[in-house]
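Several structures are given next for inspection.
Below are two complexes that have chain A in common, paired first with chain B and then with chain C.
Moving on to the complex of A and B:
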């Protein structure tokens, strides 16, 4: 019992940097995971990945002018993300091109710009830092930022919940009864960008998508309604953060990949053992009901 | 007579090719109209124009102010894999009353339950929507229209792939709406069904062929005329300009000329 305490609780009690990492990661799970559920339900899972790449040039511009500082890099990332999201969203709404193609085009342009800007100044180590983040080095500024992003996200989800569900379930119906469809879509894209930017402090631009999508994808195997699915995704996210941080602490692994791999393990387990997973649906049941 | 929907020289279409060409007239409040015509004759397009998801190329489509509208599209964009239950789907119909933020009240849940029972889906409330058959889903969508409690109801081919008994049930619902003085427009292919149940009909063949009493609209000579239109687009069709062969007033194209098709 004591050993268990030493192993799981002690690192968080003893070290301030572990506490900060935990608080940041938990806040991020609470807000990014439900957003990931909606991304998945709208079949935009890969769009999160594209958005993460798209954020890079903005962060790079911040980095170019101010060095490795959180606020300018975040604002830059936010700006780039919004430009790409709005651009891709507008192209898909105004032309025949679907959002997957326009998003791919915009993010590729954006990513190339980002790499170009980073290479103008700074070494590859800096680039690694932007790409993979450091959850163990969250300062007060970063924590406040993540907290604000989580608060905004949760508030927006509560306010727009019904519209988000309607827009996913039957977009044409929403258009026939309300003009909220397009604005809700953009609010949602803004939430995605916001959460990816929040995550990029802790996990880097690339891995922040992992915390958004993996718990959501795992929750799909357990829940058959949206509300439980979001809650479960947030729980999975929190669990992977705790596991990942402990792994990183005890085995001296980089924290970001450790967190995402923990989420990945939960996902793989869910595929097999989930109530809607392989075992439950593929294995032939011996008996069935008469009606 | 009070008009619920008014068309003034309305032309709707895609890529400058008209799908509904120069339609004028009005749908009376409380009327029940069947929209009839071959494939590609502009029936669904006209409904989209009324709903407002398609903007007119020229002319006006006006819905009387304060009219609430329920629309059941032919090809629903419904995502059947979405994790929702039948009640969640039907509850969407509460949107016009409760909007984005309004709380659902006990009477709302009652309205949803009543609607489900009216379409014969008692006990289906908690079923996930991906377990419904095509006909059951169509009935659930009818229940949503019921819940919407709208003044103007537009149904696009609601009887496709539906068994005879369910068609009878759904026609019963439509007659009930008609009895409640709601304005109903239904796209139907089954002409016998139209003759039997619908007081009025509009026969479309891109342009309106006949509009009025259902039986006289569906007279053989009208049906023959309706068949004589070319469904395909003609890229070499001349631009439709004022003073052409069709009679209409106040023709405006203002640089938004469209092809005449093969009319």
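Moving on to the complex of A and C:
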């Protein structure tokens, strides 16, 4: 029992940076994972990766005017991300083009613009690398930012829940019964951007999408209704954050990859052992045939 | 050793562009330097006879640089390309191939004392071992792993050889040899400049040793953000600990950060610094947690702007030593 305490609790008690990492990661799981579930249900799972690039010009503008300051660069990135997400959403709503194509177009324009702006300044420090640190280096600003994002996200989810579910599962139905469709879609896209920028603070641009999508994808193998799926995704996210941090602490692994690989392990397990996973459906299938 | 170098430089110059020997000297020698510190050396050796183009400018990070077309054009038009070697400039090989340049690529670290990353002496290794004994049964293998990570990125040698002033003298000799091979008419001038600058470097070396000697032996452990000071550590007997590996691209693990914090708590590390090319947040986090004040900014892989405290190599080394000493003695 004592050994277990040493293994799991002691690192968080001894080191403030571990507590901060835990608090930041848990807040992030609570807000990003449910958003990930909706992204997955809308078949936009890869949008996060596109957004990670789309925020570059905003961050670069912040860098041009204020130098290497976290807050202006983050706000700039947020702005660029929202513009790209809303632009892509508007095109998909108002024209015949689908969201995947418009998103690709907008994020590529944005990325090229970002590279251009960074080059204007002449410095070649990897902006994304400098801007978005690791979960081990969450300072007060980053924690407040993540906390605010989590609060806004959860509030928005509660307020727009029914509309979001309808919009994700049956947009035509929502359009036929209410004029809320387009606004809800834009609110949702804004939430995605918010959570990604929050995630970038903790996990960097490469891996933050992982915390959003992997727990959601895993939860899909256990639940069929949206509410339990969101709860489960948040739980999986929290579990992989705790596992990843402990792994990083005890096995001396880089913290970001450790967290995402923990989420990956949960996902792989869920594919096999989930109530809607391979084993369960196979067994049901076979029993049907023999019966 | 240096005779072999001269021979090698001469041979490479003769085989690579025999026509140059005849045509050069009408106008200035066109030199491309891979990053700001090398450009500073080249300026001191070449004086007015060379035009220098720097690929990775002040405050830039050569670990992750992406070349621009203008860089390829500069390399293509160059008479001499000066690089650090030891796989610091990961972008370089492809840039050289793409530019189709005929200029000799001179690796300045050749002939200097080169440290293997794995064999690098670790004055803090005992400290790690202490942690193994005191901490939770051998889980804190922090430092070693970080080194291995950098190892994969960079090959087996630590590329930051210029952090030893003795190696800087080798760099300068290599530059003079390369310039002589490319521009025989200016050779005497280059040699004279190199000798004069070499004497300044010799004085700098003595100055640094004297400054470090003024720091009590048990206080000579400090923390920086990435492992760029292996050579400084080796030559001058200061121990540098870092949460990131040798490359700025690797990521820290919680074990590394925890090990550093324990060392500060046990009073084994007496100062902590940020670098001009890396994210300061991790260092600030460690500083905040231990109550150690960030002692200032060190310059490792790039010079500062002309107005900054480290506009030249000599200024950079002086600034680093003064900053380190001030922070340690002030703590």
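The definition used in the following text is that the second predicted complex is superposed on the first by the 257 of 291 C-alpha atoms of A that agree within 3 Å, B and C clash if a C-alpha of one lies under 4 Å from a C-alpha of the other, contacts with A are read in each partner's own complex, and residues count from 1 in each chain.
The criterion applied here is as follows: contacts are C-beta pairs under 8 Å (C-beta built on N, C-alpha and C of every residue); 3 or more make two chains touch, one makes a residue touch a chain.
Computed from a prediction, not measured in an experiment: that's the story for all the values here.
Colleague: Going by the contact rule set out at the top, does A:74 touch chain B (first), chain C (second), both, or neither?
Modeller: Once the two structures are laid over each other on A, A:74 reaches no partner at all.
Colleague: Between chain B and chain C, pick out the one touching the greater number of residues of chain A.
Modeller: Result: the larger residue contact count on chain A belongs to C.
Colleague: Check whether A:6 is in contact with chain B, with chain C, with both or with neither, and answer first, second, both or neither.
Modeller: A:6: touches chain C, not chain B.
Colleague: Once chain A of both complexes is superposed, is A:110 in touch with chain B (first), chain C (second), both, or neither?
Modeller: Neither partner.
Colleague: Taking the superposition on A as described, I'd like to know which of chain B and chain C A:270 touches: first, second, both or neither.
Modeller: neither
Colleague: With both complexes overlaid on chain A, does A:249 touch chain B (first), chain C (second), both or neither?
Modeller: Second partner only, chain C.
Colleague: Examine A:102 and indicate which partner it touches, taking first as chain B and second as chain C; both and neither are also allowed.
Modeller: After superposing on A, A:102 lies clear of both chain B and chain C.
Colleague: Is A:240 contacted by the first partner chain B, the second partner chain C, both or neither?
Modeller: It touches nothing on chain B or chain C.
Colleague: Starting from the residues of chain A touching chain B, keep only those that also touch chain C in the other complex, and list them.
Modeller: none
Colleague: Given the complex with chain B, which residues does chain A contribute to the contact?
Modeller: The contact residues of chain A facing chain B are 41, 159-160, 162-163, 165-166, 168-178, 180, 220, 223-226, 229.
Colleague: Which of the residues in chain B come into contact with chain A in the complex?
Modeller: 51, 53, 69-71, 73, 76-79, 82-85, 88-89, 92, 95-96, 99-101, 128, 144, 148
Colleague: Taking the complex as given, what residues does chain A use to touch chain C?
Modeller: So the residues of chain A touching chain C come out as 6-7, 10-11, 14-18, 20-21, 70, 119, 122-126, 129-131, 133-134, 136-139, 142, 204, 245, 248-258.
Colleague: For the complex, give me every residue of chain C touching chain A.
Modeller: Interface residues on chain C, with respect to chain A: 56-57, 59-61, 64-66, 68, 136, 139-142, 145, 149, 243, 248-258, 261, 277-279, 281-282, 284-286, 288-289.
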